[in-house]
Amino acid sequence: MIELTGVTKTYPDGTVAVDHFDAQFPPHETTVLLGSSGSGKTTILRMINRMVDATSGTITIDGENIADRDPVLLRRSIGYVMQNGGLLPHRSVLDNIATVPLLNGEPKQQAYARARELMGLVGLDDKLARRYPGQLSGGQQQRVGVARGLAADPNVLLMDEPFGAVDPLVRADLQDELLRIQQTLAKTIVFVTHDVDEALRLGDQIILLEEGGHVAQRGTGPELLGAPASPFVADFMGLDRGSRDLFDKDGVLVDGFGRAAGVLAGDAPA
Amino acid sequence: MNYLLDAIAWINDPTHWPGANGIGVRLGEHLAYSVLGVLVACVIAIPAGWWVGHTGRLRGLAVGISGGARALPTLGLVTLLGILFGIGLVGPMVAFIVLALPSVLAGAYSGVESADKQAVDGARASGMTEMQVLLRVEVPLGLPLLIGGIRSAFLQVIATATLAAYVGAGGLGRFLFLGLKTQDYAQMLAASLLVVALALVCDIAFATAQRLASPTRFR
Amino acid sequence: DPLGTAQPTTGPATTAAGGGGGSLTVGSQQYYSNEIIAELYAQVLEKAGFSVSRQYQIGQREIYLPELESGKIDVIPEYSGNLMQYYDKAATATDPAEITATLAKVLPAGLRALKPAEASDQDSYTVTQAFAQQHGLSSIGDLTKAPQPLKIAANSEFATRPYGPEGVQKAYGVTLELVPVEDSGGPLTLRALTDGTVQIADLYTADPSIVKNNLVTLQDPEHLILPQNVTPVVSSKVDDKAAAAIDAVDAKLTATDLQQLNAKSVDEQAKSADIASAWLKEKGLL
Amino acid sequence: MTWLLENLGAVAGYLASHLTLALPPIALSFLLAVPLGWLANRFRWLRTPLLTGAGLTYAIPSLPLFIVLPIIIGTQTRDPANIIVALTIYGLALMLPLTADGLRQVNPLALDAAKAMGYPPLRRFLTVELPLAGPTLLAGVRVVAVSTVSLVTVGAVLGIPSLGSLFTDGFQRGILAEIVTGIILTVVLALLLDGLLVLLGRVLMPWTRKRPVRTQAQDAVAEVAA
Amino acid sequence: MIELTGVTKTYPDGTVAVDHFDAQFPPHETTVLLGSSGSGKTTILRMINRMVDATSGTITIDGENIADRDPVLLRRSIGYVMQNGGLLPHRSVLDNIATVPLLNGEPKQQAYARARELMGLVGLDDKLARRYPGQLSGGQQQRVGVARGLAADPNVLLMDEPFGAVDPLVRADLQDELLRIQQTLAKTIVFVTHDVDEALRLGDQIILLEEGGHVAQRGTGPELLGAPASPFVADFMGLDRGSRDLFDKDGVLVDGFGRAAGVLAGDAPA
């Protein structure tokens, strides 16, 4: 369990990026931080592994205040996946994945063996092991990023728009992959995105943020869609643009503009 | 054109090569001075530049020093140091170091700064210590720029190392001054050609090093 | 001293058409002592009614002599021996009178040398007082008494001069090792001597530091070293009236005078114009 | 200080001639570097020879260049034209690689957009490509300005008056203050020129004066709220 | 009417980006070219204003072969809006918008007046007129890009992922704005995107491309959703991932994973 209480971040230039933010990220679940650009999502995420130090408030992981922990060791115990992978361009795929275990002093052979295992888990061909990040497609780089985040077998995985930079087809693949991995590994995932569809797809819990990290609403996807707490939420979720109000037209679901959005397949499966 | 041919003939004359005053020894001295000057500049400027690039602190000062040092007239420096230190290698060596400093410093800090921000961020987030971030990520990624800085510093020092002869040290400047003072322009020009040729060879070596430091496989 | 001139030389001379005597351009080498002499000439020429423009600190011979030949400069103080050698590398004359005679022959058309002054400024074998006493030195030949080879600081072209290592070996049996310093007997050469890096220095005889540092200039009984008497070289624009004015200066310029003039420039950092006018007044020429 | 005060007039004269010698090469090397830089980018095979050549020119020792140049271009040794030509060569050596880089690094999207809007080629080069390379070109001109001001002093060895004359004269007469004055004035002159160029850049390239990030973010927020 | 017949583009390196592509873009309508990365969308678009010259095939605008027209003048007669705006960073907003009229020799005053009018049309505050692109938010830059595309009052507007780089909220705004503008101006728009939602929202006609510019299917949105011509189409439109098969769950429409996708609002409005 990760708990944030009254967390505030004021950047040196005076920007109050996050203002008294409270939240709990339950273990073994995916919490999505959803919000538009500048709402403070990244700042919140990076305060958890102390890449950014909170100005005030407390953050605890399993009851322990992270302010009391050595930031370097804290970071090694938390997986972090970022947009564009943030991979080391001068290290091979295998080296990139094995970074943290090697930093932790794990023997090389063991670290590499585990890295190869992870490549399989995230759907990367073994043949890519010796390639450099620059020789991979965007989607492959993201997979390496996910594998790297998982390498030290952390309990917590922080993901900052990890699939933002790729093609929608590849993106859907990556989302599928993540859902599949999460079914077996059940990590505590904090996932940042500004894509409503992605949030609905991946989040057990969604926290929708307004500017300054103010919580507009929190709850499951259906809760946010079914009972938006404010016009902002309704707007953000696309409910008052007519694009999520769907109408049945000969089995094709169309939005307020008469544009197609999906196909009605019947009642929900149990 | 005639002078140029004479100069080439002068270089081609085999009697000019061997011996304590021959081209061979002078070439070696010239190279040694340049290497020494740049090496000392590197010892001073690289750690400083890395620190500035990594922390972002005192950046204004580093930029100022680079700019200011470039503005220092070498002739003034050599005369001043000559009066202060007398003849020998100390004066010119200080001048060479000052000359090499700005390029090396700029190469060091801009190299570190140029390292892909995302990669650096990723490295730090994986739990690298600041020293590890610097040495394992920023330095290797900034190597091409650093080598570029050393390269231009080296070229400049090679061109200027002729001044060592002004205060009694060796190097290709000996031929240059002797030619100048005795109106033997062929010899003077030959010395210049040798300097340029030395620069060319070193430049090629550096270009190769630069290419090796940034293999296309990263891109 | 370039700093003594009202306006330092930029670009070509402004030869304004003067009143009584016409206009002349006085030049000088890039050498403070030479500039003082040039300034002496300039001031007496002005007194004689010429309008004078000054072109000082014009590098070395290979730069200003062509300008003299082409008429851009009319008067420049020269040094007899080197001037002769510049125009005739094979010249053999070694005493002042011979040199003056040779000069008259080798100078290109349109140029002539006026009467040389007593003052000269020539190469020398100079040692420290202590070294001279230690080995009992008074002439170059005495150097054989000191352990060989001896180090001498001089410009690199010293090696090629008749009075260089080879010449001295032949004439006096002294073995020398040249330490090339390219400041023409300037502060580096002097310092190499005083700090013991070398035992001998090639200083110019008019250098005030010889007196100041109690240095000993060794005699040259074999006349290896070319005399370098101050000799004005002038263009055809210099008429008899102008020549007479210049001659008057040289008639009074002794070796000691020159050393003192130089000392004022170096020690008191005085400007050439001030040094020159003070001396001229003292000698009743102004 | 006292030395400077006593010789103020002469020093001012040197300063003036120093500037007269330094400014033309700075301007000329810029004017020459632009077309050459364009060529280096336009024809790939020209790039390496041009840029390596430029680098090597910089390795030519300055003294012999000053002496040999008049023989080649047929001027007299003390003609200011020699210094100007020689310093233009050095300036070009510094300027050319930066110009080529600057032109190459112009955002291709902007060039593409200009082309798509129907800019004819020459107009596109002069009104889009060149100004967009402006910041790099400015950086180049600044380096050239500083190094040219510093290099002018070498001319003093040949008797061409400049602040360098303070070095040669001060050296002969052993006046430390004179040399130091020369060094300081040269550096000050270089840095002043540099500052002027920075100001000029601000005036000519107003778009490089970005507003702080914060206001941009506020704009974005305001727009979302609107 | 824009007609492309047997249009092929082979790049100098041998890549066949577009292979015998045929299409008609009807006047006053929006045709969307939809497809994943590398399918040749941009190439097709840029052949229309001769930014890329077709290797073979013919392209006509209102019956006239564009190969016979001067490319510079052709480009001035066609609006072009690109991702990130493609604005000239060294020109003010007003200058950017007025570029083409000024190139066409229109008097300055007139061009600027029209530019200010267009700023209003695309929803830009008049106060921004003297700013530089770098001083605008992403969304504002896109608006300037659209205004610039409209400045010479072209009949044809080519738009290449014009809203790809912005926040989803801003993106939705921009889409609304475009729909509104199109209602009054009725240009012939060719719109490139890889976002299915955007295509469904904006396209009167959608051409779904596979690699090499091969047409997978063309038709209206409902046609593509209702009767996908191939498994590729179904996959691309998201039909076989369960994300467009929507199930009714207490009024909230959920996808195959039980994640919310919209709200059932009743039968389609007439």
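So that you can tell them apart, the chains are marked A, B, C, D and E in the order they are listed, and the count of residues begins at 1 in each.
The rule we apply is simple: a residue touches a chain if its C-beta (ideal position, glycine included) is under 8 Å from a C-beta of that chain, and two chains touch if they have at least 3 such contacts.
Per UniProt, the chains are A, E = ABC-type quaternary amine transporter; B = ABC transporter permease; D = ABC transporter permease subunit.
What you are looking at is a predicted structure, and each value in this text was computed from that prediction instead of being measured.
*Asks:* Where the contacts of chain B (ABC transporter permease) and chain E overlap, which chains show up?
*Replies:* A, D
*Asks:* Which of the two pairs, B-C or D-E, is linked by more C-beta contacts?
*Replies:* Output for the comparison: D-E.
*Asks:* Which chain's C-alpha centroid is most distant from that of chain D?
*Replies:* A
*Asks:* With centres defined from CA atoms, tell me which chain sits nearest the overall protein centre.
*Replies:* The most central chain here turns out to be D.
*Asks:* Any idea how many Å lie between the Cα centroids of chain A and chain E?
*Replies:* Going by mean C-alpha positions, chain A sits 30 Å from chain E.
*Asks:* For chain A and chain D, let me know how many angstrom lie between their CA-based centres, rounded off.
*Replies:* 50
*Asks:* Give, as an integer number of Å, the spacing between the C-alpha centres of chain C and chain A.
*Replies:* 85
*Asks:* Residue numbers in chain E touching 2 or more other chains?
*Replies:* 138, 167, 169-170
*Asks:* So which bits of chain C are touching at least two other chains?
*Replies:* 62, 183, 187
*Asks:* Show the residues in chain B (ABC transporter permease) shared as contacts by 2 or more other chains, in ascending order.
*Replies:* Counting only residues that touch two or more other chains, chain B (ABC transporter permease) contributes 82-83.
*Asks:* Provide the residue numbers of chain E that touch chain D in the complex, in ascending order.
*Replies:* 49, 51, 72-76, 80, 82, 84, 86-91, 99-100, 103, 123, 132-140, 148, 167, 169-170
*Asks:* Provide the residue numbers of chain B (ABC transporter permease) that touch chain D in the complex, in ascending order.
*Replies:* Per the touch definition, chain B (ABC transporter permease) meets chain D at residues 3, 67-68, 70-77, 79-80, 82-83, 152, 155-156, 158-160, 162, 173, 176, 180, 185, 188-189, 191-192, 195-196, 199-200, 203.
*Asks:* With touch defined as at the start, can you tell me which chain C residues reach chain D in the complex?
*Replies:* 1-11, 30-32, 57-60, 62-64, 66-67, 70, 183, 186-187, 265-266, 269, 271
*Asks:* Touching residues of chain D toward chain C in the complex: what are they?
*Replies:* 3, 6-7, 9-11, 13-14, 16-17, 20, 76-78, 80, 156-159, 161, 165, 168-169, 171-175, 178
*Asks:* Residue numbers of chain D touching chain E in their complex, please.
*Replies:* Against chain E, the touching part of chain D is residues 107, 109-110, 112-120, 128, 131-132, 134, 205-207, 210-211, 216, 219-220, 223-224, 226.
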